[in-house]
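All chains are identified by letter, namely A, B, C, D and E, in their written order; residue positions are counted from 1 within each chain.
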Amino acid sequence: MHLAVTDLACARGGLPVLTGVSFRLEAGQALILRGPNGVGKTTLLRTLAGLQPAMAGEVDFPADEGAYASHADGVKLTLSVTENLAFWAAVHGRQLDDAALAAFDLTGLRDRMAGTLSAGQKRRLGLARLAVIGRKVLFLDEPTVSLDRAAVGLFADFLRDQHLAQGGIAVIATHIDLGLEAPELDLTPYRAAPDAAGGSDEAFL
Amino acid sequence: MIALLIRDLRLAIRAGGGFGLGLAFFLIVIVLVPFGVGPERAVLTRIAPGMLWVAALLAALLSLDRIFALDHEDGSLALLATAPLPLEGVVLVKAAAHWLTTGLPLTLAAPVLGILLNLSPEATPWLLASLGLGTPALSMIGAFGAALTVGLRRGGLLLSLLVLPLYVPTLIFGAEAVRRGAEGLTALPSLALVGGVTAGCFALLPFAAAAALRVNLR
Amino acid sequence: MSIWEYANPKKFMGWTRPVLPWLWALAVACIVTALVWGFFFTPDDYKQGSTVKIIYIHVPSAMIAINAWFMMLITSLVWIVRRHHVSVLAAKAAAPVGAAMTVIALFTGAVWGEPMWGTWWAWDPRLTSFLVLFLFYLGYMALWAAIEDADTAADLTSVLCLVGSVFAVLSRYAAIFWNQGLHQGSSVFRAGRPDSVAEVFYLPLMLSIAGFILLFLALVLMRTRTEIRLRRASALEARMRSA
Amino acid sequence: MIALLIRDLRLAIRAGGGFGLGLAFFLIVIVLVPFGVGPERAVLTRIAPGMLWVAALLAALLSLDRIFALDHEDGSLALLATAPLPLEGVVLVKAAAHWLTTGLPLTLAAPVLGILLNLSPEATPWLLASLGLGTPALSMIGAFGAALTVGLRRGGLLLSLLVLPLYVPTLIFGAEAVRRGAEGLTALPSLALVGGVTAGCFALLPFAAAAALRVNLR
Amino acid sequence: MHLAVTDLACARGGLPVLTGVSFRLEAGQALILRGPNGVGKTTLLRTLAGLQPAMAGEVDFPADEGAYASHADGVKLTLSVTENLAFWAAVHGRQLDDAALAAFDLTGLRDRMAGTLSAGQKRRLGLARLAVIGRKVLFLDEPTVSLDRAAVGLFADFLRDQHLAQGGIAVIATHIDLGLEAPELDLTPYRAAPDAAGGSDEAFL
């Protein structure tokens, strides 16, 4: 299993944002995306996950193995923690096991309505979804926002020991240090020139 | 897909009741009509079939924008799109959940509310049948409209505007069936047409709605 | 060279520029001739009086109103299948024109109906389905207006146009079915069918129809050019901002 | 306060048109009624005043939930509460913005739509007057209802449920004024009552709504 | 001018969360709130700002000088950057000046619709509101979420040089290092015992 990205170009709002992005990850490898605000990390991750079409280039990974996670983590505020996770497990044809709850220190909160969680607790719930759906290729957009240091550690442990160690792949955009040994890719050099070809409005110019 | 249906039903019940409220709106429109039109019984009997259908339609309409909007806001929709469910299936389940929480209770309550409007008793079975056959089409068409407007901030009213003309055939056939029933004529042809519209909607609209969702998720 | 070449925005701007003035001139000439001919050189109808002359505006605008939607259907399909920007922009451009024609037909019909039927409005199947068509135009334009991103708007409005067409046809049959048992207005309507339109009214009517078709083409081309310019302007602006 | 009014109007216009859409919904309800009731002109003339009022009310109703909901979701409301504006003033401005984008266009369009329902021509001035006087009350009552339900996820339907009974007096007096006008009777007493309701709403409800907002912001 | 908090207790969802919090800040001082996820930072800040009632204790600062900012930063997606800021300036009876835009590096984005900004750019816009409204006592809940390092620096500069230097006060909850020399207050010791008095349901126990 691998994730191969060749010469990818992606656009947002009809404007080219990044061009010529290429990298290749084998099973068990992670990549950390870096770059200042607005460089195009979110755009790249959405393109990789197939949520928006690429302007050019190829993304290759086993079908039905990708999962995308961002700030909006699909947590229903009127469902309890277990109900939320059990739903996502069921959608992916799996069972919810307690290990996922334990990995993100949610065991004590399992019957709380998600709406009554604090910002960081809610985020942990959103991340626990990743442990539950069993997808191998993760695209994570600032996963550790509003987590405290201990929780960032939990997340890094999960990624290292439970995901990558079992042959998973992860691409992570973040501004902070995750405590994960993984190569970093700075996106600044791939920034598309504003007049780069390929925007949806190109035909008009 | 079952999991999705169960979750949607649970959410509808938790969050203060999709059930109760659609129904309550139906009741209230029916109650408002005599206040507006005046209490003459002959007039009310005459307009009862039509008003019941219009009220059912408006009640269904009011809850449409939530079919996808909430799931879009909190990101669930993007996650569902990358989950191993066909998006057409998601649309179908969403329409089914909407019908179960709105159309079905409406249909069951309509005979009772018919009494408020002096609906003639012969019309009641036809009312049940035409609403039972027609409201699934309302939910499916509504899901299509909701898929078109899901990304928009003020989608609610725009959604009504898009969906209402699409409701016209269902409304005409449905109300016609009840009116004919009330006059003692045979209402079967109208009823068959309602069924035809519903079948057509379920055959075609999931694909259109899924396409619209994909565009909106980009 | 394939016919699709003309759908390239730049090419389109090129070939429409010289064509447009001619189209305008021809359209205005046809309509003015038809109206002058119709208004001053045809006799009053023996039972409708001078109101019959509304026909020179009413019928052409009603025809355009329907066919504009049909054109939008086709151009939307072309966009979905081949993704030619000009195609979907032409649909966008045609919508207000079609809606305006619908309003004109409704208005002239209402003005005509007052002396003929003694009412401004009756729920005749044809009038009814026209009203529904107007609602479809409104919805289509509102959807265009509500969506920021141009390509998203193009895709969604195209889907709406397809689905709406099916339902518009369905509504027409529903309306006929609905009003069948009540027989209202339709007898008056039948009295005015083209077969009963006298020869003297016929020729200016045809000329007026031709004029309206040309006017429609001119308006759509002009508005498509405007839309293309707007897209170009916003593209340039976006590029300048991100530069 | 002026800045808030301008912002709200601007948002209404930007986001696909508070103006156009409330109006469009009004139009569509009026169009749907004959589809339900059937095309007989005598019946339509009889129910026109009532249906016009009911439709105006529903059109106003549908856009209510956005009065505060959007500002609550993105946090503006909490920020406004700590800003140097009295919350009562915020409520008033919001109600005014709602009326300007919904009630006013509705009122102006009503005579034209009256034609579709064969409203008798004598009633038109009364229709204009009663809607012009009554729709501000609808907006103000609606703002109160919106303030009560602002924190709730599925507030939309609940809001309708809460607000509709409050709308009843306005509806009765308003429709009565038009009906009397249509029958050639004097409609002034009913009209005065509509005005009274509106004045009362504006005197009392801003305080109630502001109190509800404060509770909901906790 | 000062902010004095004496023996404050606050609750969330009817349950006591923190008790006995006291501190005092003079003009020009800032305080950084620390503590693991769910300890009650958000609850405390909302109580200080007056958005929810205190269970016990006193909060004292000049009326009409407080401003609260959290994730939900009141940014209207369909208004442009300048329109958003000008609105908040007008509500507080002030003018929008270009310095505020410059302080958060928004000058180049001034005419963009807020809906087309990236996560970090939107956050900068939310923070620029603080520079515009001229309030002296700021309650900030995780203000630097999804900001890159340069932007965190901009924010710290703004706080230090434009807010505190001019006699402002700030209370900031954050999990990351802001690069601001300010005392820190760890909230863990103030955690309320689950059976602490004062919850709204107390009368029933």
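Some points to look at:
Basically, contacts are C-beta pairs under 8 Å (C-beta built on N, C-alpha and C of every residue); 3 or more make two chains touch, one makes a residue touch a chain.
Just so you know, these numbers come straight off a predicted model, no measurement behind them.
By C-beta pair count, the most extensively touching chains are B-D. Farthest chain from subunit A (centres taken as the mean of C-alpha atoms): C.
Averaging Cα coordinates per chain places subunit B and subunit C 31 Å apart.
With centres set at the average Cα position, the gap from subunit A to subunit E is 28 Å. With centres defined as mean CA coordinates, subunit E is found 37 Å away from subunit D.
For subunit D, residues touching at least two other chains, in rising order: 15-16, 21, 24, 28, 31, 35, 38, 153.
With touch defined as above, residues shared between interfaces to two or more other chains in subunit E number as follows: 71, 77-78, 116.
Residues of subunit C in contact with at least two other chains: 132, 135, 138, 142, 146, 178. Residues of subunit C touching subunit A in their complex: 8-10, 85, 149-151, 228, 231-232, 234-236, 238-240, 242-243. Interface of subunit B with subunit C (complex): residues 144, 148-149, 151-152, 154-155, 158, 161-162, 164-166, 168-169, 172-173, 176, 190, 193, 197, 204-205, 208, 211-212, 215-216, 218. Of all the residues in subunit B, the ones that touch subunit A in their complex are 2-4, 7, 10-11, 14-15, 71, 73-76, 78-85, 217-218. In the complex of the two chains, the subunit E residues touching subunit A come out as 12-13, 35-38, 40, 42, 71, 116-121, 123-124, 142, 145-151, 175-176.
Those residues of subunit C whose C-beta lies close enough to touch subunit B in the complex are 132, 135-136, 138-139, 142-143, 146-147, 152, 155-156, 159-160, 162-164, 166-168, 170-171, 173-175, 177-178.
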